[in-house]
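Letters are used for the chains, namely A, B and C, taken in the order the chains are written, and counting of residues starts over at 1 for each.
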């Protein structure tokens, strides 16, 4: 992952009144875990991570706990396996585990012991998958984004109905897609809810106020970042409306969460902030909305979910494409 | 794309009686657009492009128009984004857009304003996707073929039923594949129709006379090229018949259009013309027929189409494999 | 493929009483074919290959014959196309053909002439696919494993119902996955049968005694290899039991055959034998069980089978990941 590290908070004990080594290490680890939460939106920021954590606890204490423990397990596994120190410190080994644990809680039921044990196992495996994806995409100088989490999350949720101790939802979810029906004109309040829910759905949460808290976390990291994210959300919603998506799907954030991530990735994180890249990023954000509907239909017969696959695939294509267009390439953070 | 450029027509104004710069540019752009149409079958030829254009107008003026405007939008977008000048001039930035626009017209309905607007958007996005695929496959020295178009076409047609303003066909197409039934012995007239329809289906057209016109375009580009394409069509039909495909699918060209493209790609375009490569190409053409049936069953539950995926996948595998076989490798055009 | 060649048997005539050249060549070819059978479990051993061959004849003479002829066709095709001599001699060009021919016999019906002809064609094509996969994965220094066979087997079995002369099973197999039901507590005899069946299912056979014979072949190649394989089988079964897989699927080997291959690949073949890699390999073996269930649900709507896709995907990810973890990397056989 080549997440930007410019806003990197300082780590560890301050010079005066040095705390004991054990405490310093624990603090450093805690900082890496919080940064891991913030890296879901490309921020290596302890403060943003703390706000994100609060947002998830606001959605439900179980979700906050799964996310926190998951990030910790992923970060610890990477350290144990001897992964690159810098990646661990800046949270790059934590955010895929954060999303993995959270997705298990949401889709398999947070209350089951089986889910908790599986989530820990998933966070160990996703660390290996992250290392693999970094190797594989490194050939093209592309970042791994949330691809490791998408792989583990899709595998687990598609496999789950095959295991009776894991699946507690009765019948499997596999079905053929049907054409969309229902009203396509969202009311203003639905548009407003959808705008914030786009942020919450990055973490699978449908509540608009969770999204508002997450946006607050982005604002802490920087106004420009927050503005780009807001534009992404707006473009996602506008595209969905123009294409005639059901209003309910716009209101619950399903249609726009990938657009937020695509906009951030293509304007500010992996490509420099410019008028050209902003346009490019917003075309990408619009594209992600269509890609999302396609992947939803592709996964439906197997009972799978789209997670952030639309973001990953759209961003990989637009980043690879950008290398051929001199007007876009520039001083973006290189992939690692 | 490493399409052969040996038959490259001269571009722009002739020395005597120089036309004004604007007119020269328009002429150059028109030539690039026509070459873009011809590049669907790997020909950087203005004349072949003009014949192809006529064939599509013969199938229906809307189809001709979509193809022409689509190629123009793709070519213009590539120029705007600063893509490699040579690629634009030889039509390599046009043929994926040509197929994208045409596929939107055929599968979403050419008469709807939504289709026209989407087609323009699709031609912009496919230019970005082309740049990405060139980067990604460039690692192996492989050409991008029609992969960019396949990605955009599959995404859009699978996503379409999810959007009420885009989808005008009632229920979605998702279904489980059933075993083939019906007569498997095509009558001679069906075989003859199928032979020509194989060419027409490259552009989604089922009419044999459209295919005959396209074959005429190939003949203009060279007799050897046309002969290889005819062999590909014949092998595709023979394979489908031997395996027991329904006669109706042979007659409408569904079973053989990928074989035409595979034969061209593996004997003359990316590998040199020799007895060994011709054999190799015809094994590839036969393989593509089976790959086509598999992809058809794979896409069915999501409501997708096979487009030229069988051609792309078969050709990529056979080209990558050829690098290990000294008897096949040689002076084929390198990928770019 | 970077299969270990340390146990390589000597080839060709012995010094005393030299046989005629033709006989020596035939012997060399026969040795390459037997090694090709043994390479299914990464062993370049004539003796192990002979035992494997006996095990398949024990399952049914048709299966033994398909496997033997298939390996021979693949090996001969590779030699004809001028593939690397070392790869041919050590059986690396034979094992994908062995599995391809066998899979055709099992899934299309061994008694049909169409199956026999298709199997020969499949063994020719899989040789090309092997060369392609070696090129494509070579960029990352990854081995091709059984990916070529998986590609050909999936394509053919998914395509088969579309061809009336090929498909003799009535209706196609496409269906939506349902949640697992039935008892999840295997009896001791089921566990024991499953332990051996895990070996047999590598070759699609459900009989425990076929698996026992295959394990005997592994023992001939080395006790350590056999021990790792047994651990893989046990971990696969334990994982399936812990997750609540139906007991019947544990007993017939469906749940554990990929774990056997993953354990072998990650501890001894591509990574060195150590405590750390053994742990890593067993985590991989457990992961493969979940991946297997996911792929089963993914292929179901198209009527496909999982074959050894779970082994291939899990191993590729764990091998790519291992490059980032200094505690795991080491003197494993490099990929070729």
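Descriptive notes on the structure:
One rule holds in what follows: a residue touches a chain if its C-beta (ideal position, glycine included) is under 8 Å from a C-beta of that chain, and two chains touch if they have at least 3 such contacts.
Quick caveat: nothing in here was measured; it's all calculated off a predicted structure.
Taken over every residue number at the interface, the positions common to chain A and chain B amount to under half, indicating a different-residue contact. A rotation of 120 degrees, rounded to the nearest 5, superposes the Cα atoms of chain A on chain C. Our note on geometry: chain A versus chain B, Cα centroid distance of 37 Å, whole angstroms.
Annotation for chain C: residues 139, 176, 301 touch two or more other chains. Interface residues of chain B facing chain A in the complex, by the touch rule stated above, are 81-84, 121, 124-125, 128-136, 139, 151, 154-156, 158-159, 161-167, 169-172, 174-176, 301-304. Contacts from chain B toward chain C in the complex involve residues 139-140, 176-181, 184, 240, 242-246, 283, 286-287, 290-294, 296-298, 300-301, 316-328.
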